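My structure is below; once you've seen it, I'll send some questions.
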């Protein structure tokens, strides 16, 4: 069940069954010469939608589609929020959902660069209530973030499909998911070198100097539509179970 | 051409051709018993995508999908940003795009409640440069917002299709667009009364008291997939022209 | 009755009679070679004071005298708030008045560039309560903004007095009001061209290039003290009625 | 010379003569049963205007008319900015004036409760440049605040006129200034006790409990129009000299 | 009793005895060629610790060790918060302590440049409750700041020890306190001139030009460990009494 | 070398040798019935000071002593910053140090709850420059955070000393460090149960319900002064090497 494709009456009915919701959260940033700029938003969105298919007990909210990607700004098309903006925005999303009686929000994340800021945003939300004391008028929320690749068993599927050169940015697995989601978007552009170098980085200028085509440690030429389908299937199943467990906490 | 489905190399090439981009901006809010919560984001997104189809000179960015909808929070599923958050977020989106050389950003809006805050966000962006003086290190930006229903000729199509009871929220035209975009999402729920009442409002509690099922002045039971297709076609063509004119300013 | 010229005991008594207040809001910005920098604050202040004269049921607050005028910063003396600052300030003014039991605040606006940010500020105020839910501890507020030129019948007076070349900035009508308010401030400086050009603008640098002497579309040499008196009279009467209707909502 | 009653061309000419400006800053807050709510804004405004009379080298900006008055919110009509809002607003005023080439801003203050926040706002403005280092693109500003009662010789006039029970809030001297400015606003309301008690305070509730009619330590029944005229004269002369010295720093 | 060296159970027990706490607050900024960068934080910390020694009714919190020192940034090692940041941080410290039942917070200050911003921060804290009205859910707080040199009798000790050239920055008294606290940190560096010049300043560039070695008006070569011990003793005793009086307000 | 115990001239000389600095960062929060509230600040501070001893090439800044600890607010004495405040404060600390020519800042962290917000703060700092583009006037910074327990080899020492029930909050290792630093602060309070339970948490109320005495998974009764000395020694050596490597990046 998708929030964007539901009516308010249907959400009202859902809230009788469940007080939890999944929110995909990603980024809009370069993914090398063959990966799509939307990759990190597409992945959690596609996985969440697959999990929500014919599932009246799993509601998926809108995708938080621009995240923290300052380090990618050296590559055209990358977009970022400042962490302070992202914390405010996540806070408003949480406050909106809490207003309706949602008690649990599960953020399915697609971008490593978001992890810290999402966690900080949760603390900002919790702090409001913690500072008010036990008599706070604000009802409690339980917030969780999960990277799609950390869903149980998903990484083992990725490793089986791409035993080598998964890397950490513009990975064959994430690129495969986007190719499965948009089969007409497969790019066949030669990568030079085949496997990108690895390492750390600071700001956008530094990143671009270290990783000239944008990839980190990966060989995304391995990505196929078929592999993407397999990963989505595994991740969607794992998400259903993980979300059920989250609801039952 | 869609930013989310492009690589950074393709955006780099686009910037050789054009310095302008379209960003759909909408809301996530109740649209009555038969309208989808995502309506106001779906409409500009669908229109922009139609205009971008096979069009290498019209780039569409990600959809800014949660806007200012505090007045709808009395209805489950509605979400809002505070205006101050939205101004910060629009500022970050603009700053990101400017970093790459974009000089013109055209926000295609789908939600009346966003208009003021988008305009305020533009002023916030302009003010930074205006306060720095003519020697500002920040390059200039030209920002424009356009509601899809204000695109040339679109309103006349809407009026021809729904000569009566278009109303101002959960209108047959916007609902028709979403039905055309998602034909399996057509809702056939009886509306009572057939035509909703009209008027002003303040906050969420006030709104819900005045408009018990969420609609304002509209009879969305008129919405059909066919009408939606017609509106999308008209709007996409108008957008192409309006955007070309914007690029040539 | 003017807040600044009342004692707290008198305001306490007023609150027994009425829960509404008018706040003039304007700008401090260039108005061409013959218009005063304070024009947009003077106009609503003068009209509100005229309406408040001998009227114990119409309370006028202090004038919010610097608004959103980033586009005028290319001309010496213009001042601006950033929209984010203005939203915070309007929020504090509203919160202060609500503390005393005011339930309705009518902002009489004198500057087109303020409209969007005032509207956004209202949404920021409403959102606080909407996000808290129906059990919010914060009492509700009803906020309204009205441009003095949009008061019923006022524009027709302006058009009768200046059937041509009213324009949109440094208009003969607003200049006339200020001349009526300060008859010793009439400027007789030749305007070149007589009627300024029209069009849009972005930031201060852009504005100054397009409108070299600051006017947009107007010929303020038509402005006279007599015309100003007539407009003030019409606007003050219209304000009294409009405010009464607002109180009775 | 008053900014609000000047044209931009006149300000341009002024900037050829001087790079300094005076900005009156006050408050909107209760001043006991006989003092006007606008007292603290009226006082510096009236003194600055008197000093500016026929003085082409002394420019007076708009009055910053709502300041930090949280402690007065227990009395109807009092208004406040939060210090964080006031710092942002003063920052925008400073940035606007700096844009035009103003290098010195002299804030003539009328409210003790503003002093700390004005000083903090100055530090916020200076910090921007100090953190940028000596190659900062931002031109330097020199900021000064002066309470009107601290202008050389003014306090001795006040003490001569009211040798006893000047107190610290709703003082006979400040009330006298407002009566001189608005002779039709003299209030003859009995004060009980004649001399208010003195002491410290924290928030609005605490203040109201300690000072039931709003005054602190004062007997404003001594205030007369004549005394007000004398104080204004002394203060205006002192301001002219103090501002000249400030310009010559 | 020191908060950092207590367990939560011990603080719980303290709160049965007292609802007040002392928080040292200072700065990290240059203090001339012989003064330590930490001087302004060391002084209140050392005095508060001396007062807390064997004193179960005087609890000392952590030292707020970086304050408002933008004007010192021309000298390596100086650090600053912007006032807006400092107001937010002091607000969070106050909110945290209030959560546990603390009703009185006594800030023992060591830096003149902090005074205004601390005062503004208090107003920000009070304003929250004042704007909520008398039914506010937030319990009241009583906040106090005291410079250690303003503690009763301390200045007279300083003047007796250094009858001349105490100056106002990098004073012999504050340097003596740090030497007493860290006897191995005494610096014997020649000062040129022996007594620094005096005067005002704006930003860091201006400060460094006026005060080339960082001192203002002082001759800190007078500082000795013995003098420091004497001042600390006097200040610690005075603090105990002043804090007792504050608790009994 | 300690910043707080240096003069500006000494820091100026240090900057000739090195452009890097260590900043200890911790928290002020309950650590169970036997752990000190300052534990998480004391640990990195003590380790950094040990590493700085007689080391002219390792400069240690002031300790950032209150961090993100909202979840501990159910226990008296715990203090927290909101993440948004902490991001602003870390930003100001970074900006201050950058002003002097520091190019690398190594944050030695003592609190797991800080990790995400520190990382977000780094992104906020980097984003400023990344959004400005490669011609940014702001010099680049390299930021690093390291938990003291993640310093090479330290965890193995901890595990050798406390092979069981280290747990994750109020661990024997961190408590041992504080006992080594303050041998007179050893607490012998019986713990019930001996080993605390483990698990996750959300806000303060939730945390206190799950972990009634504040500990998570630990048995801190194992902590001894001797163990603390051993850990400090190992950590200080590891820090020297890790910092050298950081400087040579």
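Order as written gives the chain letters A, B, C, D, E and F; numbering starts at 1 within each chain.
Here is the rule we go by: contacts are C-beta pairs under 8 Å (C-beta built on N, C-alpha and C of every residue); 3 or more make two chains touch, one makes a residue touch a chain.
Just so we're on the same page, UniProt names per chain: A, B, C, D, E, F = Creatininase.
Note that this is a predicted model, so its numbers are computed, not measured.
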item: Chain E (Creatininase) and chain A (Creatininase) - chains in contact with each; value: C, F
item: Type of chain C (Creatininase):chain E (Creatininase) copy interface by residue overlap (half), same or different; value: different
item: A-F or A-C, whichever has more C-beta pairs in contact; value: A-F
item: Chain whose mean Cα position lies farthest from chain E (Creatininase); value: B
item: Where chain B (Creatininase) and chain E (Creatininase) are represented by their mean Cα positions, the distance between them in whole Å; value: 53
item: Centre-to-centre distance between chain F (Creatininase) and chain E (Creatininase) (centres being mean Cα positions), rounded to whole Å; value: 24
item: Where chain D (Creatininase) and chain E (Creatininase) are represented by their mean Cα positions, the distance between them in whole Å; value: 30
item: Distance between chain centroids, defined by C-alpha means - chain B (Creatininase), chain F (Creatininase) (Å); value: 46
item: Chain F (Creatininase): positions in contact with at least two other chains; value: 73, 80, 82, 84, 88, 92, 96, 99, 130-131, 137
item: Full enumeration of touching chain pairs; value: A-B, A-C, A-E, A-F, B-C, B-D, B-F, C-D, C-E, D-E, D-F, E-F
item: Chain B (Creatininase) residues touching chain F (Creatininase) - in the complex, by the definition given at the top; value: 92, 95-96, 99, 137
item: Of chain C (Creatininase), residues touching chain A (Creatininase) in the complex; value: 130-133, 135, 137
item: Touch list for chain F (Creatininase) against partner chain A (Creatininase), complex; value: 68, 70-71, 73-74, 80, 82-84, 87-88, 113, 115-117, 119-121, 123-124, 126-127, 129-131, 134, 140-143, 202-206
item: Chain D (Creatininase) residues within the chain C (Creatininase) interface of the complex; value: 2-9, 11-12, 14-15, 28, 30-38, 41-42, 61-63, 65-66, 73, 75-82, 84-85, 88-89, 91-93, 96-97, 99-101, 182, 185, 187, 189, 214
